[in-house]
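Questions regarding the structure given below will be posed in turn.
For clarity, chains are labelled A, B, C, D, E and F in written order, and residue numbers in each chain start from 1.
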């Protein structure tokens, strides 16, 4: 798994959660996690989470730190489980910086204020994860907190999270390649 | 996913990591996590982790808190990812009690002292995880720490960890059932 | 698997056979079978069965009892096999009421008159089944029979069929979770 | 899928439910259903059904009509679903002969008397089904009925059931090869 | 797997690489390879190969011999591997005619001149391969060679290649149905 | 995929075709192809190919060049297809050296004399391929040819074949990660 931080601003409207996003847009081939910052405003057309769709939830923020993960030849169950691990790593990094967030599934909260949005889904060729972390609180439809509240530099946070996630992913793949099948 | 704490002592020698362990031994049908305490001494014959096998590592402890997870119709990649999430929950519970462990893959360390052992593998019908957490340090082949050092009651820890893991597992399965396929 | 009968009329034009239909439209989350009655007129655009498409078959009826099944994390082979079992249950209910239909794959006939239409397919996130049973014979493109000919109340039939199918589905899933892998 | 009736007596002790049984013993290559008659006495060692194992159930009959199905490249969920369809076909043949059995999952009963035993499981290379139907009531551990009670000739029944099952199986496979993926 | 040569000219613009192409257009049901000749001009909209898309490569030729393979219930990894075998068979046929091409993945070259284009992908219901072999060099965007340079009659070549590929495919499927699972 | 030639003699009796062979014996982790030379004498107990078993074929040679491939998270269909590609590469290398062998599935023949034996199977954790190429003709049960007849140095041949196969494997995996799902 490769990782890359994209320095230019990229707005996220949901259309980025599409097979081969990183390959087509950033020439990154294979399993990857990329990160960039930009507005978040997911249109109904690109709303993958039917729960949001059904509840007409708005997925919005004026400035978010985005992560897009794409993995090939793994299924949706693996992708959602990896998504939880990704959020768990974000949780842990925040804890190490002295911020005691609560993780509830794929959401992170500080005193009921929401830091992040996330979704995982798949097409016939790959599975993908989006994780968006508020950089600022402007433009969000619910009470939120943001990296700016915590004095965290987005790019540094992104690099740390991507490194840990890549390392974990490689370790997971490696762990599937060193066990004997279970005894009968 | 069901969970159950077994109050009687059960020694773990690796033969427990076998399809339908909880069904055959504890009448728990379907996806499950069970926990019990007892000695740990994995024989070479039942050593699923080829890394341990190759290194002639000893998987031993006089008293461990054991967890056995079995999931049906999921593959090894999902099982290993879930294993990491299980260990991550243990990590978080310890953190909430004021103990700052380091998680390295499926291992937990406190100042280089190892708290746990873990493995995940699969047969043709299910995938399984074993997680063993030292209750005491006696009988371990490497420098270890143990729940007794931390003043943690094993059964309480087990119930807390199993509840969080079951809740996460249900939430993950639920999350795979509410997303639209990715746009083309 | 949950089941629900929707009392209001819903016309079926094929667009209902789309991932998350029951979740988005009826707030039913996870594996499900729902039933409702309404017109049937499948447009070419939504014709999933290429055999019908190729033969320019018309899938039409002025009043049908519809069933929509959605299952997650199972493949098309399982879905088609379940479809046959669903139709087999309908067959059996009719037999118990004294009507000796013939089942030919996913079709039910009484003296060469067709009672039903059915199809199963999948997207990247789920597999789905549609089964339509004529309530009346009006508007059908071939010689048909209908529940009204047999004095059968659609909603009662729907509830009976859904209960049996849910019960069978749970039993099938349970049966995959209590067998040892085959001996070598 | 090929089918074959083996005229010589073959006793079934569970060891027959092993990958490539029909190929190794009867030179039938690929997906198949074979049938033969003989004693049934499944040893604990070859008891695939953990429910029977746990309950120390005896799988015994002095004379049974056996069916062994093997399918390649399909999973256990499909195999169990096919098993239900196989039993459903047996049910239907009996109904056509005027015998109103009740099917409860993979069991057939006539007035609480059990006609059959069945199990499905898989190895890493194939999935298999065993269905045993009492030819006589001698040697059974529970109240049973048998083909001899019903005046049914085992071989004729076997041929009829195998033909219908093969035909259904081919039709199911064919049905997975003529549908468009579901619309987004 | 069935094969068929279509005698009429069919132009290929990429829209042919769509589930059930051969069934809908040529009434060929199930796994198949079909061949025809015609122009090749793949529009961006139907460009499945993101590498071509990213590099704005042109997939063009005034006259190509096209092959479209569709296989059901196999994944993309199998499809790409089969694609390489298909090209390897083309390579071998050319060698037997005295033409020493070089195969580089799914491409065939003679002295750096490209003979062919190829891609494999999948939808939720099947996996497909397109292989296009220049019949003439007109209209190609890079230095090419063509069957006409080699004095090869397209239809004869197509029939030979399809026969070998079908035979290999059947042999591969057969080989998956005659091996015991690996020892533990 | 890693490759390694093992310089010391290793006799092959079939027990080497077991999950994690290369990891446990040669410390090679993950997808791999290893090669070594030694006797070949497969015992009935380790005979994976039921065709050989059924025909009591002997898999024997006094000196063979062995290849053992192990791939993780791919199925048997992919493994058999890759096996054909591996043999196809061997075929091509021989052709480039001026030897016109015939490839029939996974066998290579020169004037009806057999050069090689091969099999592919899988366990619950990986799929494996064995390819054995006669270095000498001694001890073979059928008319054979051997690398020594052709003046080919086994180790050089092994390195060339392994390099081509690894390169092809990486290219195949890469090709599954750069295509859009097929249009609907």
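Heads up, the rule we're going with is that a contact is a pair of C-beta atoms (placed from the backbone, for glycine too) under 8 Å apart; a residue touches a chain by one contact, two chains touch by 3 or more.
Because the structure is a prediction, the values reported are computed rather than measured.
Shared contact partners of subunit B and subunit E, listed by label, are A, C, D, F.
A centroid comparison over C-alpha atoms places F as the chain most distant from subunit C.
Between subunit B and subunit C, the superposing rotation on Cα atoms measures out at 180°, rounded to the nearest 5.
The greatest centre-to-centre gap from subunit E, using C-alpha centroids, is found for B.
Counting the residue numbers used at the interface between subunit A and subunit F, over half appear in both copies, so the two copies meet with largely the same residues.
Centroids of subunit A and subunit D (each the mean of its C-alpha atoms) stand 48 Å apart. Work out the mean CA point of subunit A and of subunit C, and you get 38 Å between them. Rounded to a whole number, the gap between the C-alpha centres of subunit E and subunit F is 26 angstrom.
Of all residues in subunit D, those touching 2 or more other chains are 19-20, 23, 50, 53, 73, 75-77, 121-125, 176, 178-184, listed in ascending order. Touching chain pairs in this entry, ordered by label, are A-B, A-C, A-E, A-F, B-C, B-D, B-F, C-D, C-E, D-E, D-F, E-F.
Per the touch definition, subunit C reaches subunit E in the complex via residues 50, 53-54, 75-77, 121-124, 184.
Here subunit D touches subunit E in the complex through residues 19-20, 23, 29-31, 72-73, 123-126, 174, 176-182, going by the rule given at the top. Those residues of subunit F whose C-beta lies close enough to touch subunit B in the complex are 20, 23-24, 27, 73, 124-125, 180-181, 183-184. The part of subunit C that touches subunit D in the complex is made up of residues 15, 17-19, 46-51, 53, 74-78, 80-85, 88, 91-92, 95, 103, 105-106, 119-124, 128, 168, 171-173, 175-176, 178-184.
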